[in-house]
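Chain IDs A, B, C and D follow the sequence of writing; residue 1 opens each chain.
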């Protein structure tokens, strides 16, 4: 590492998420510097590099990883490019923060899982950033403390204002509900064993052909039932809520709050319009936690197993969406490297 | 009717609900008097009558209905006794407020429906009192106003502190979820077309053999999806909530409120412990609305068709609970007497 | 009383409040009937009487009180007419529900107090209806239970949408803050000993010459301090809140609640626009409580002493408003007839 | 500055606040490093320095400021030591983040004001960290946007669980209410012109001799009125709230939120127990904003004028507390260096 242990990070991909991570590492994260950025578009790479003092531009991830001053890798390129970048990082023993999804499907995720398993040590933190949201963390701590007893159900809501052109029903699972898949596994410490999807008559606000909203149901190995309202063209705001129902009580996060206004005959407040507002602090905490862990020589947070399991559940959910029936989820045995439960 | 148009009411059944209705008519309702009470136990009938000035005790419903000063009938006896009392009231042309369930099963409910249809005029208001709760009424008014667009989903919660001995999984449907069945039909103005029931691993607080909690799913003729958490041994309180998800926004009722306390490191308030506290005003409004309608010579509120439809959906839900699968609901054509949608 | 103990009530005054009480007694209150109405305008009296079966119209309160079938009197005429009507009712031994103010000033209130004291029994309930609001009652019960310790402060808010023409700064005290004066005395069980009024630069929404908003401060005999924001042209709604600060915690009432809507980027709910909406149930409970007490042969609720003490505090507050300084409140000794603390 | 523009900071004082700032600069702030710590206790200085890579320990502030690698100074020593350290920093042209109070009284604050005025450029940011709390910032933005009209009143609450031994009534003003003094000036953009303090009978939870709670009233040059409940032994939590009452509506911050739990008959959530929990993010933002401004060659945030004005108001409040009367606040003309209103 550089002077005083500052972590040199290569950021791969300088699209919306990548550019945001470059800015975050530069302006908000303690103990790290962006020493290289990678984009297949050389002008975009150079534009990103120019904004950061001492940062080099690359078009080839492998070259960036080989460069001096690169101690770790943040992968924010499109999903199909993840597998190759991950394997390259494994070859060089570089710690990685990999934006979700780990890879676009369970087969490729399995290859990454096998590669890291062969390596024999964990290098990857997967970007399921809700685990770093302070409300989710308080909910998790409360469930782990046991005061509410065993969690029997989760009621989840996931709403977006609207979808970009080309957004498909499958993307509601792979891009959106995947967060509830990880949150369910993490909060309950249990794998998901079956998925069912109900599709109400679509909202008139949904693009032609898109099932929106949907009600997605998970069953877990411990017998918990989870319902998720996914409504990606709800029109009024970005909203993520979760109510855990335990044997002795319930706990709820995600209700709006903070500044309450009374005017013109109404009381209330604003609803965040996008995930950047709702989860800004979670992204900061996620990246800071990764930097801190890597500087201490370790890795923490969601593992490759978590990324792989999410991919398997997503594939089952997409089938359940198409068939209308209940689809079982089958996972292989968890490798010893990931022995701990998905916490 | 008696002097100045006061309605003379015979109350049939003096158990918990019946005794409460006697007290309500005596102390809280304007324009009505209890002139007769009926119980198969003569001592209980006489004890109830003794508390009200000018009230006679009976053991036979027919005799009470025939007595002077009886202008209308409130049926609060056990469900199996309802059919006979309803037919007797039909024979005498007496208006009836019949506590739910209309009758214990769809076959007997169908006989009552046919009898009232032959009579050619509506005499019965069924005791689905949530339609008289001010929060439900505000939610209904908001949905009817159309600002939220078409309702796509309802998320319902129905929690009781604990169940009495002998409470069965079927009773969770017939005694508890039946309220959400009526509320769904009334709020959406649509019939229910299918039912599915998911049964998580029961809470350790549930009696042996009882599925508790459960997640009950309705689909409606308009394609809406409704999920109901029914948790009758939740331990912490009595709670009825409903969130309607429309095309342009959502609306929620049932969150605790009123008096907020801060002490000992916590903020918050009390949760009602039973339905009497939560729905006291709704019962008062229900009975006052019935008395007002009858004094004006009419009938209003939930009809025999509503009672019959609820019975049919309950039977489907009990089958869904037993099989784990999706059970379609099939209703006959609605008689012209009940032509209006279930509003 | 009439058949079956129904209370015959003469309602004096058929303006807004009087007409509303006639409707209330006729439609919502159990055990009472309006048998006479009084208005100096004979056409208005007859119009009011015509709406109620068996009700006579009068222009003279004394004649109405003398009529057959009149067991009790509800005074809803303008304040200056109260004293004469009260003394007439005393002469006849008739129970009275007297809308606030008891009388327009402390001198006349003192005469009424002396008259009832000479009579030796309490006939009057004064219309401070907040004591019958369910939230205030829960707050009172909580304070009396002692869990929060002694009450040290009250933070009160009293907001109206706008004022009618001719509304003066003095009326903000006599018509509006008088409710907080009674609520303070009732909640704390203590007399008020001093008043201070601060007058911010008026809102541009206030009529020329009206101090609006104002901050009114009370000190009590037990050393509690009470602040009241009175803002009668706040523009956005009718709002009455109270936070009690105790030695061990706080309790708050009056926050909006019930139906929560999310739409168009905002969450929240409606704010009531007038006191009729906010306190409708309180008025019903107030009148029902009075009818119930009178039918049992007694009187309950706010007494003539409470009406008198409020008048004395109002006069001090108006002086404090004019001078900007702190004005002590001096009350005579409380007659034995009103020995109980102001609860 | 050091490599890549990292700001080298000398932290003066390693008590609770100083040690926390050292940790913050080391672990949470981007672009800064602690290169020197100062404490009059050499062992404490060395212990603090030992925790940070490349950090030197000093006992003399001037020596630390003269050391290589020191680009800026964070003063977190006791208030009486501030003046000398500030003047030393002025002599060296070093930017300063000075924890509140600027100095312990208005006379010494005036000397610092005069010194910086003679210097002709602003070097100091005073540690009024509420300006960096996200809720306060949203409230300020809302008021500045003008939708609520001119602010007429602020209702403030400031509660602490308990006080350490030796805490005096004067400290409630100088250590606690000073935050509301700055918040009032900043939110309204107006100077305070008078102070009144009401002292209820103290809570039984307050130490002998301490006036607790108190109601502190401010009047501003624009005619706004501000009430502050200061209750430093409230027992149940740390709580800071503010409701702004504007001509067209109100806005409120500081209500608890986030995770809502239902259990054992109650709904609600936890209340923070100290300012570290409530304002952790505000401290992070404050220090990050200072580092960012200094790295860009400027200064921002609360100025020496703000620190001086707060000292003058505090002195008036302490007199008002002692006398029970209204005490005017007189400020000299604002030097051109601080021409902008207190925003």
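Going forward, a residue touches a chain if its C-beta (ideal position, glycine included) is under 8 Å from a C-beta of that chain, and two chains touch if they have at least 3 such contacts.
From a predicted model like this one, the values you see are computed outputs, not experimental measurements.
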*Write down the chain pair with more C-beta contact pairs when A-C is set against A-D.*
A-D
*What chain is the most remote from subunit D, judged by the mean position of CA atoms in each chain?*
B
*asked:* From the mean C-alpha coordinate of subunit A to that of subunit D, what's the distance rounded to whole Å?
replied: 37
*Where the centres are mean C-alpha positions, what is the separation of subunit C from subunit D, in Å?*
45
*Report the inter-chain centroid distance for subunit A and subunit C in whole angstrom, where each centroid is the mean of the CA atoms.*
58
*Going by the touch rule set out above, which residues of subunit A reach two or more other chains?*
235-236, 248-250, 255, 260, 262-264
*Over in the complex, which subunit B residues touch subunit C? Could you list them?*
2-5, 26-31, 33, 53-54, 134-135, 138-139, 142, 147-148, 248-253, 255, 257-264, 281, 288, 292
*Inside the complex, what are the residues of subunit D that reach subunit B?*
235-237, 239, 255-256, 260-271, 273
_Residue ranges of subunit D touching subunit C (in the complex, touch as defined)_ = 149-150, 152-153, 155, 157, 198-201, 203-205, 213, 215, 217, 219, 222-225, 227, 229, 231, 234-236, 245, 247-250
